[in-house]
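Residue numbering begins at 1 within each chain, and the chains themselves are lettered A, B, C, D and E in the order written.
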Amino acid sequence: MEAVFYNFMPIWTVMFPIFMSMVIFIISRRSEKLRDGLSVATAVVTFFSVAAMYPYLAAGNIIDYTIFDILPGLGVSVRVDILSFSLAIISSFVWMLVAIYSIDYMSHEHGGDRYYPIFIFTLGSCLGIFMAGDFFTLFIFFELMSLISYVLVIHEETREALRAGYKYLIMTIIGGLALFFAIILTFELAGTVSLSQGTLITAAGTLPFLAFLSFLVGFGMKAGMFPLHVWLPDAHPVAPSPASALLSGIMLKTGAYGMLRVLFTVFNIPLVKETGWDMIMLVLAVITILLGSAVALTQEDLKRRLAYSSVGQMGYIILGMALLNETALVGDVFHIFSHALMKSTLFLAAGAIIWKTGLRNINDLQGIGKKMPVTMGAFTIAALAMIGIPPLNGFLSKWTLALGALEAGAPLYVVVLLISSLLNGLYYLPIIIAAFFGGEEEEEGGHHGEGIPFNIQEAAHRMVIPVAILGLACIVFGLMPNNFAFELSLRTASFLINAGMP
Amino acid sequence: MKDIVIRTVCRVIVPFVQVYGLYVIFHGHLSPGGGFAGGAILGSSMVLFALSFHLEAGAQKLGHETSSYLESGGGIWYILIGLLGLALGSNFLTNRAAGLGFGLPGQLFSGGMIFLLSLGIGVKVASTMFTLFYNLSEEEGSGGDHQ
Amino acid sequence: MSLHLPVISIALLLLASFVMPLLRRGARAAALPFTLSVLGAVFTVSLYLIYLVESRGAFSYHVGGWPPPWGVELYIDHLAVYMMMVLSSICLVVMVYGARDLYHEIRAEVMSWYYTLYLLLLASMIGIALTNDLFTLFVFLEISTISACGIISIKKDRECIEASFKYLILSVLGSGCVLLGVAMIYMITGYLNYDFVAQELPQAIAEYPYNILMALSLFIVGFSVKSALFPLHIWLPDAHSSAPSPSSAVLSGLVIKIYAAAILRLLFRVFPAELFEVVPVLDILLFLSVLAVMAGSIFAMVQEDIKRMLAYSSIAQIGFVFMGIGLFGNRALLGGLVHIFNHALMKSMLFLAAGLIIYAAGIRNIRDLRGIGVRMPLTMGAFAIGAFSMVGIPGTNGFISKWHLALGALDLGRPFFVAIILLSSLLNGIYYLPIVINAFFGVKIEPRSEHRDVPGMMLVPVLILAAGVIFFGFYPGPILALLEQAIVL
Amino acid sequence: MPLLDFFLLSFLIVSAVAVARTRDLLSAVIIFAAYSLVMAIIWQMLGAPDVAITEAALGAGVTTFLFLATISKTQRLE
Amino acid sequence: MEIISRLLENYYYFVSMVLFIIGIHTMLTHSNLIKKVIGMNIMDTSIFLFFVSIGYRRGGMAPIIQPGVEAEMYVNPLPSALILTGIVVAVSVTAYALSLIVELYKQYGTCCANEIAQIRAREES
């Protein structure tokens, strides 16, 4: 009975938001209030539905259920293990907060009737990716999410947004096709693409290598891995800020999730090590880290800087999984958590600032910290966490990653992490310093054209509170080393190392 | 073409040509020829008539409407005869097995329904010829010819 | 009685097509319900035939009760009933649309002729699918050629007339090649029936290798012209883009495919497999199909007229069908064949949606389509589904055919073709998706004054086809099961 | 090769080439009619009388008429 | 030399192939539309000639039932039925093509494919 209930749970958590998005779409013509409330309610219910699966999973069970077969060996199925759960819980958590944040943010924007259904639909498809039981289902939701989130990217419908959106779309299609190729190769080699069959490909060869590369392209595209990151810095800043937070904070992680599955389910550690494919990932990861951090330095636009920072952070995650040992994996999964929290804090805070002041350029933000202390405070915490200042969660993930790198006998990567942290510091600290300590002298000189208007206060409560919660979470998960997220990371890592078998 | 010689000759020839056309149609199962050839002969005789006298004169004998009715009728006739085989409990277009008889050399009404089929084809081809002739001679041409 | 159903359905269609011109004046109103009921009946029959063939296996039918090699034989196997189902279903849906649309594209007097030609076309295509001898094949080939041209030229436009003339000349060239091929085959074997020819050919290879080869190449050239395989496609863009939209839907969706099915049947049942080992016919087909897939997509990218773009896209898609044939493995064939149905669904839907836009807004140019999605959300939504299916997004039926084709190529150890399939999908994405995007987002263009309301009778077929695209994307099982039996090599 | 065959066949080829070469469409059509008649004779000689009859009636007769009607409506010279 | 002697043996085939090529050539290269249609007819008749000559080569009698002749001695009647159909189809296609030509002439004032193409190109630019 219990198993039946839990088999049903993932279907419910995925289909409920998708269904509700239609309801919201219909309702949005009637009443805006109802629409907003319903969106938040859906996100909240979804979060608790995901959380409700925890006891069952914590007991070491895996939910695995095939809904129907499209073709022999190719069906639509759901599967929730501890890795799926980790990603699903953080996604639905951030989503819930962003939903609350959106209410006020979107009241200024046009097209809310379109935004909310898409927003909730994306939640469903994103959870669908994490809870898919096989690569085919994963692929369906992956494409669904990528295509649907296009609407979020171009929401503002400016020329710039449309151009970025077009780039995003083409890259998405390329990624989707690479994924298609990879999946079809896997199917050809293994006869199935299910995630619950253990390792799918055990022997090296040309076709497996092609499959690996295609997977890397397909998921790397989404994860913003060098050299496939080109769409990311264009697409993320042009979206409305809540959407940027999700794009950077959560949706990039679908790529990372896919890569984890590829490394530990499609292939296995001995095979990857033996063939040296991990080197490809490591090299790309290092380039991604350094490039992302370095280019972020040169960006003047606040959201663009954050977007490039995301590229760099995704590099950490790819690096962590490519090290292929348990400690690194702990750091890796924990960094997924941390980055989701930090980056959504940053984007939401940036969004609140832009919403209030209309300023996007970093140089214009002198003294903003005095006007909007809570928002900027959260921003500061998240930025410090990004740099890796000790009591914050960013430090914990980087520390564990560095330990993993040392365990793998590659101190070079520790150096890379340090350099990157230094760069992070270089591009985050000036913002913070200027925000809190700059300002007075600028007001007289005013050589930046427009400064901050005088009458600026904190943004609306429903925007500040989610930002504050996320900022707090950064502290909480960093201060307590045995927190829930870290526990999950430990469990997930050991689960993955043991080849996906509990 | 108002030439008296042509008219007179045609007036004499046309009935013979038509009889020959009918002969070819009806003896399709006995001798060379059949619906296609006979229908074409019949049709050209009518075209000849219309050419030598006048378009209207031809139209009086066989109107445009009538011609296209005949054209469709020929096709329908053919299909209906074919379905007769089914009605008699055998295959489509069945002749022999349904007990309708088999062609005997030299006997006109021995071929069962082949005779009737030839008639259908003959009528259709002849009227198609005539319709085509009209369509090309008159100013308004209808695009869709079919066979 | 049920064994007579195939021939009865062809006879019924022919009968109905002959009756149509008889309906004058008052009776004209009856033409449409009559046509639709005939089409519906044929569709029902095709479904029943699928059941029949599934339950008792393939059977043959001797017209006139004459056994082969003298009589005309129909052979009703899985492939035949599959094709019959595809043809009749799409024809039925398109006719529902066309009944309303055609009144503004062609003159009312010739509507009955349109029905005649349409029914003749369907009858001849079913004939091509069912026939088991070269004689009947040729007869139906010619009927289909003329009626296909007829449903283009019935619109008295100068583009239509010119396009249909071009189409006619090239098609006749194709038929001529086919007829010459038939003559060659008859010369070698003395038979026209597929089974008898297939019996004779293996012995004849040693004796007349060149003649057989020539016959084969003539067949391939002839059918390639008719189905617009790449270098012989030149007639297609004009013909399919200028025709009335329902005609375009049928021509692009069905007519070019039926010739591919016919050549498949010839390769499959008539020519001995040893021949393909000696002669690289299949490789040539593959090569051409790759060219078709790439060239069609690239040409489609530079088009400005939406129907022209769809027409070029058909050239690429027919390449997929031929790729399936050329790969000649079980799974690849399955992919190629299922693509016949899938592409018929999506392309006819796209053409009908384009026709609907032309009808309602009077827009043909792709650049003018901006913002049309706001005014016609359902139509453009259907168009978007079709576009996704063209790209091969999972959950649409386009994915299913690409999946099987790609797997088939991998089965045969030729990943190159998978790359081609993917590249073409990417190109499809590049030219289809901007249309969808511009229709829904971005700079709006002021609507023209002549905007007409979309009649439900035209919208419903489009939505039915769009639903079919999704439905068969998730539930292709029955079709695939049918086809798997059709291609037991 | 019997002489008659030779004559008729060479006539076919010559007339076919002439049809292709001549610039006057009316002459081309008339030559084509002659071509069709000769073709009908050949078929009769080859033991296909029904085909010969049909060709004589349709190919030589009706087709020629159709061509003439078309030419009278369009242009005579190429 | 052997080729030539074989050609001479099969002169009907040879002639029909020559006609086929002349027909196709006329059909594809002549820009006058009426010439194209004539070429089409030549091509069709050449194929019919080929067909008939095959039947002749194989011996047998015309398929007309006569008393005292065994069934095996007749040629298969199917090809001749095929040719009959072919002739009728050729006439229909000719008629149809010619009606299209008349229509084109009305629209463009010319029967020359090249000129029509020029007119269209001018219109588009």
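To be clear about the criterion, contacts are C-beta pairs under 8 Å (C-beta built on N, C-alpha and C of every residue); 3 or more make two chains touch, one makes a residue touch a chain.
Because the structure is a prediction, the values reported are computed rather than measured.
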Given chain A and chain D, the chains that contact each of them: none
Most centrally placed chain - per-chain CA mean versus overall CA mean: C
Chains most often in contact, by C-beta pairs: D-E
Where chain C and chain E are represented by their mean Cα positions, the distance between them in whole Å: 27
Chain centre separation in whole Å, for chain E relative to chain D (CA means): 11
Centre-to-centre distance between chain C and chain B (centres being mean Cα positions), rounded to whole Å: 35
Geometric centre distance via CA averages, chain D-chain B, whole Å: 23
Junction residues of chain C, two or more chains touched: 142-143, 146, 150, 153, 156, 161
For chain B, residues contacting two or more additional chains: 32, 34, 36-37, 132, 136, 142-143, 145-147
Those chain pairs that satisfy the touch definition: A-C, B-C, B-D, B-E, C-E, D-E
Residue ranges of chain E touching chain D (in the complex, touch as defined): 8, 11-12, 15, 18-19, 22-23, 25-26, 30, 32, 34-35, 37-39, 41-42, 45, 48-49, 52-53, 55-56, 60-62, 64, 75, 80, 83-84, 87-88, 90-91, 94-95, 98, 101-102, 105, 110-112
Touching residues (chain side chain B, partner chain D) in the complex: 24, 32-34, 36-37, 40-41, 43-44, 47, 129, 132-133, 136-137
Contact set on chain C toward chain E in their complex: 69-70, 133, 135, 138-139, 142-143, 145-146, 149-150, 153, 156, 158, 161-162, 164-165, 168-169, 172-173, 176, 179-180, 182-183, 186-187, 190-192
Residue numbers on chain D that touch chain E, as the complex places them: 1, 5-6, 9, 12-13, 16-17, 19-20, 25, 28-29, 32, 35-36, 39, 42-43, 46-51, 54-55, 58-59, 62-63, 66-67, 69-71, 73-75, 78
Residues on chain E engaged by chain B in the complex (per definition of touch): 62, 64-67, 84, 87-89, 92, 95-96, 98-100, 102-103
